[in-house]
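What follows is a set of notes on a single structure, which appears directly below.
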Amino acid sequence: MNKLCSLQEAVASYVQDGDLVYAAGFTHLIPFAVGHEIIRQGRRNLTLARATPDLIYDQMIAAGCAQKVIFSYLGNPGVGSLRIVRAAIESGAIEWEEYSHYSMITRLTAGAAGLPFMPMNLTAAPDLEKINPNFQRVVDPFTGKEVMVVPPLHPDVAIVHVQRADAEGNAQIWGILGEQKEAAFAAQKVILTAEEIVDETVIRSDPNRTVIPSLIVDAVCHVPYCAHPSYTQGYYDRDNDFYLQWDELSKSKENVEKWLQEFVLDVKDHAQYWRKLGEATHQRLKIKDKFSTPINYGEF
Amino acid sequence: MNERIYSKNELMIVNAARLLQDGELVFVGVGTPNLACNLARRTHAPNLTMVYEAGVIGAQPARLPLSIGDPTLVSGASAVCSMYEIFSLYLQRGNVDVGFLGGAQIDRFCNINATVIGDYRHPKVRLPGSGGSMEIAAWANRCYIMTPHDKRRFPEKVDFCTSAGFLSGRAEREKSGVRGRGPQAVVTDLAIMMPDENGELQVTALHPGVELQDVRDNTGWEIKTATSITRTAEPTSGELRILHEELDPSGIYLN
Amino acid sequence: MNKLCSLQEAVASYVQDGDLVYAAGFTHLIPFAVGHEIIRQGRRNLTLARATPDLIYDQMIAAGCAQKVIFSYLGNPGVGSLRIVRAAIESGAIEWEEYSHYSMITRLTAGAAGLPFMPMNLTAAPDLEKINPNFQRVVDPFTGKEVMVVPPLHPDVAIVHVQRADAEGNAQIWGILGEQKEAAFAAQKVILTAEEIVDETVIRSDPNRTVIPSLIVDAVCHVPYCAHPSYTQGYYDRDNDFYLQWDELSKSKENVEKWLQEFVLDVKDHAQYWRKLGEATHQRLKIKDKFSTPINYGEF
Amino acid sequence: MNERIYSKNELMIVNAARLLQDGELVFVGVGTPNLACNLARRTHAPNLTMVYEAGVIGAQPARLPLSIGDPTLVSGASAVCSMYEIFSLYLQRGNVDVGFLGGAQIDRFCNINATVIGDYRHPKVRLPGSGGSMEIAAWANRCYIMTPHDKRRFPEKVDFCTSAGFLSGRAEREKSGVRGRGPQAVVTDLAIMMPDENGELQVTALHPGVELQDVRDNTGWEIKTATSITRTAEPTSGELRILHEELDPSGIYLN
């Protein structure tokens, strides 16, 4: 079934006020364009879950979309603090729930597998377990020893950006895979954005590369440069300068509001955002090609 | 040869690099740990395998990675896997020799706080949180901590124990049944401190030009000293050249 | 570290009498050549674990290598019964321990992850749980409901055949992945056989394709056609005729002994075995090329 | 048009195919279930997605697959994943609409035995065992069973319950909390039987030329009958043509 639609339609149909949203991607493939569209459509009271909230949730929280954040590392990766989320937590303006990376991803993995919990070994660190009741212990019936267990995370909607997908939503990803697959399978609905929409024959020429199958996808949106200022392996580089600039800019509430107005609210869609960044930025983020050695599946 | 033109930061990086052994698998963070590992790989440990929590194995970064998920880590790596896999198949399974950790606070028993200063529910300062460090501290065969040396960073007891050092002493960690042997050394820009038989940190080596009193002045409790304190060798010109010319030519982490 | 060695050396060094051996590969990539070498070297009292014992364990059990078999489906895939293992179980000549596919693979997954158990949902089927004490139940602390748990499986040695590997043992697999990765990570030692030994630059040109990392590999052996009568996607077809012939042949103990003598014991190595199969078989199993669409990793 | 030149086996395959709906995801086995699914895909259900336990999704086999892991399932498929993933992300997670099952014994309440005839520890006949069927029977939204109809295959109670039908009755399955709704129909070469409100099989349809007594003679207990028994439509020449010309030209599973 052809699931192609505009990002506006996808967000209008599949992201509701109050939803638990998981925008996937660890550093790589973060779907900023979808975050911006959610801001434009004025969603409220979202619970925003991500291992690393990154700038995408800083921006969405600045825009007032969220009432809660679930995370395992609250930083501006490679730069320092994530000022807006941090301030919201420090001031008590927002609820939060926190994990370590592995326990966070283990929750998604349990959700993806349809399991009521997943185990992880004890870490001896006592305090996270004390402040989050989603860490429980179970006795291993084989050894009598305790393990930690965490419950599944089932986002209402997962947002996943990929390099290429067909119109039905069979999606291929390379480079850092993060928790893309787990988030998609764990969620009730999946919005997929892709740098390229390709014919299904391209996907079918390399089925082992398919990370997300059509089956679990609700909307497929063609959104080139969706991940900026994050990146897409093989398509464009991470805009490290932007991550540094945001660190400065986000010191001032006024500047953040100005930026949101100019780069999100006053912008029609992501294509316009990308044009607005300008030629110098486009050039700076360009990369040279480096292709994989092809493999032979054989005709059978 | 050694012109003593090196920073405190470089002392920390060079000394951390020297703790790594050839052929080991290291779970690396960006910033100074990344510099230390790449320095080791270009000097005494060419067969060091670098693994990043983003799921990259055997990275050979062509440029300085500016985030834990930098694309330069992927291009030319020997394998990429999911985040769940890097933490389970590698770290939890016991395949990681060395983990690097940092944190806002490190205490007397090497416990690490990366979560909050003050009360958890009403934090004075909200820090980034665990990331992968709770698991690295627990499950890597051994860990090293890199951090600048100042009193705020070395309180007697952490406000929040994000990652386990030796808890209230080595016996408590051992009783917990956790697989890794825990922190083996804290490398600062002043000294190297190692846990004693009880898991309590003691100064074992001072960097060139540093006096024991400097360490005492910058540590939040009465730090013990080893029976004999050694002095670390100065960074060689070779080490400094690799750091400045090959690894961080723009001085992003060195300065 | 270069881990290349002959298959003879690999088996001599890493397979001991009494070992728990897991020869991986679900229908695809079954390492027959290694099974034959184990027969030639006269290993005894092995415990042979595989989801589907397939002909490889039928042959090894016929040759007297094993005292026990662990499995989840005991058939000649696509043909019918696995006569030798079946007869050994019916006559009580061999011990056995059995699972369903998912519980079997879950044991490997627990082993690979370093966990003391892994959960699976209840299946309502009562009898497997009754006859195998490795099925236990645990109460989910979040819902109060029961789940099934199984302990890790840690083979002494896993044997994994792959399409291509470098000399250090970084290995890439495509087509059916089965339980290759899980078996390798769960095991204490790993013997890798490869259709092709390639330069590490080939592996590094497509790191997402690497299923097994050098880190866990002990021996790398260059064994073309290792999987016959199973197959290697993109290299040669499954010898379905052989699977049918085996069904006939294995009706007679005498014929099996004759076959083992002629095709295993009297043969020096797998290259000689392959030659012995003859040109007609080689031609019959040849396949036409069908390449994947290459992807761009980008130079960063 | 219908020349009545069809076998009992074809009746079973054609009637199983007709139970599938367009757009569904089916967990397929090789042999007759594979023929049924491919027939459905070429007739009324072009958007059927076929998933194989080997980890293949969206297979478009160019030739008749002769094993569950045939390479023709992979070339041109839309995705391949590990075996752990196909059972967890697809089946256990609830993404599979239909599962096909077979077995040496099917009993009054649709329980399946694929493990042993006789005592488990001292089996009269050792069968292949569960494979994926324990989980398919439990977790697919619904299941169909395909099997030739004879008395040995339909005992009143299975010797070993490899895969759950309705156990001692529908209530017991429901109490178990297992997610799938269980077997919906047993399609044999004589008839279609469906579980009643208590989970007990009853004859609901007879194939052309079959009398109710034929079914009774070949079932190991006094099989119930539905209030009104229908007669299945004859295989069309189109269905037969696809089976013989496109799907199994050598007659491997048809004969």
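Every chain is named by a letter (A, B, C and D) in the order it is written, and numbering of its residues begins at 1.
In the analysis below, contacts are C-beta pairs under 8 Å (C-beta built on N, C-alpha and C of every residue); 3 or more make two chains touch, one makes a residue touch a chain.
Quick caveat: nothing in here was measured; it's all calculated off a predicted structure.
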### Task
Tally the contacting C-beta pairs at the A-D interface and at the A-B interface, and name the larger one.
A-B
### Task
Between chain B and chain C, tell me the centre distance in angstrom, where each centre is the average of that chain's C-alpha atoms.
40
#### Entry: Averaged-CA centre spacing for the pair chain B and chain A, given as whole angstrom
28
## Note on the structure
Cα centroid separation, chain B vs chain D, in Å, comes to 58
### Message
Can you list every residue of chain C that touches 2 or more other chains, as numbers and ranges?
### Response
114-115, 120-121, 145, 174-175, 177, 181, 208, 233, 237, 287, 290, 297-300
### Set of chain D residues in contact with two or more other chains
56, 70-71, 74-75, 80, 88, 92, 139, 179
### Query
Taking chains as nodes and touches as edges, what kind of graph is this: line, ring, star, complete or other?
other
#### Entry: Inter-chain touch pairs (all)
A-B, A-C, A-D, B-C, C-D
#### Entry: Residues of chain A defined as touching chain D within the complex
1, 112-115, 170, 181, 185, 200, 203-204, 207-208, 210, 213-216, 297-300
### Query
Can you list the chain B residues touching chain A in their complex?
30-31, 53-56, 65-71, 73-75, 80-84, 87-88, 91-92, 115, 120-123, 125-135, 137-139, 160-164, 167, 173, 176-179
#### Entry: Residues of chain D that touch chain A when the two form their complex
23, 25, 47, 49, 56-58, 60, 62-63, 70-72, 74-80, 88-89, 92-95, 139, 179
### Message
If we count contacts the way the header does, which residues on chain A are in touch with chain C in the complex?
### Response
114-121, 136-143, 145, 147, 149, 151, 163, 172, 174-175, 177, 202, 205-206, 208-209, 233-235, 237, 287-300
### Query
Okay, in this complex, where on chain A does chain B touch?
26-28, 51-52, 71-75, 77-78, 81-82, 86, 89-90, 92, 98-103, 105-106, 108-109, 120-128, 131, 145, 174-182, 231, 233, 237-238, 240, 243, 287, 290
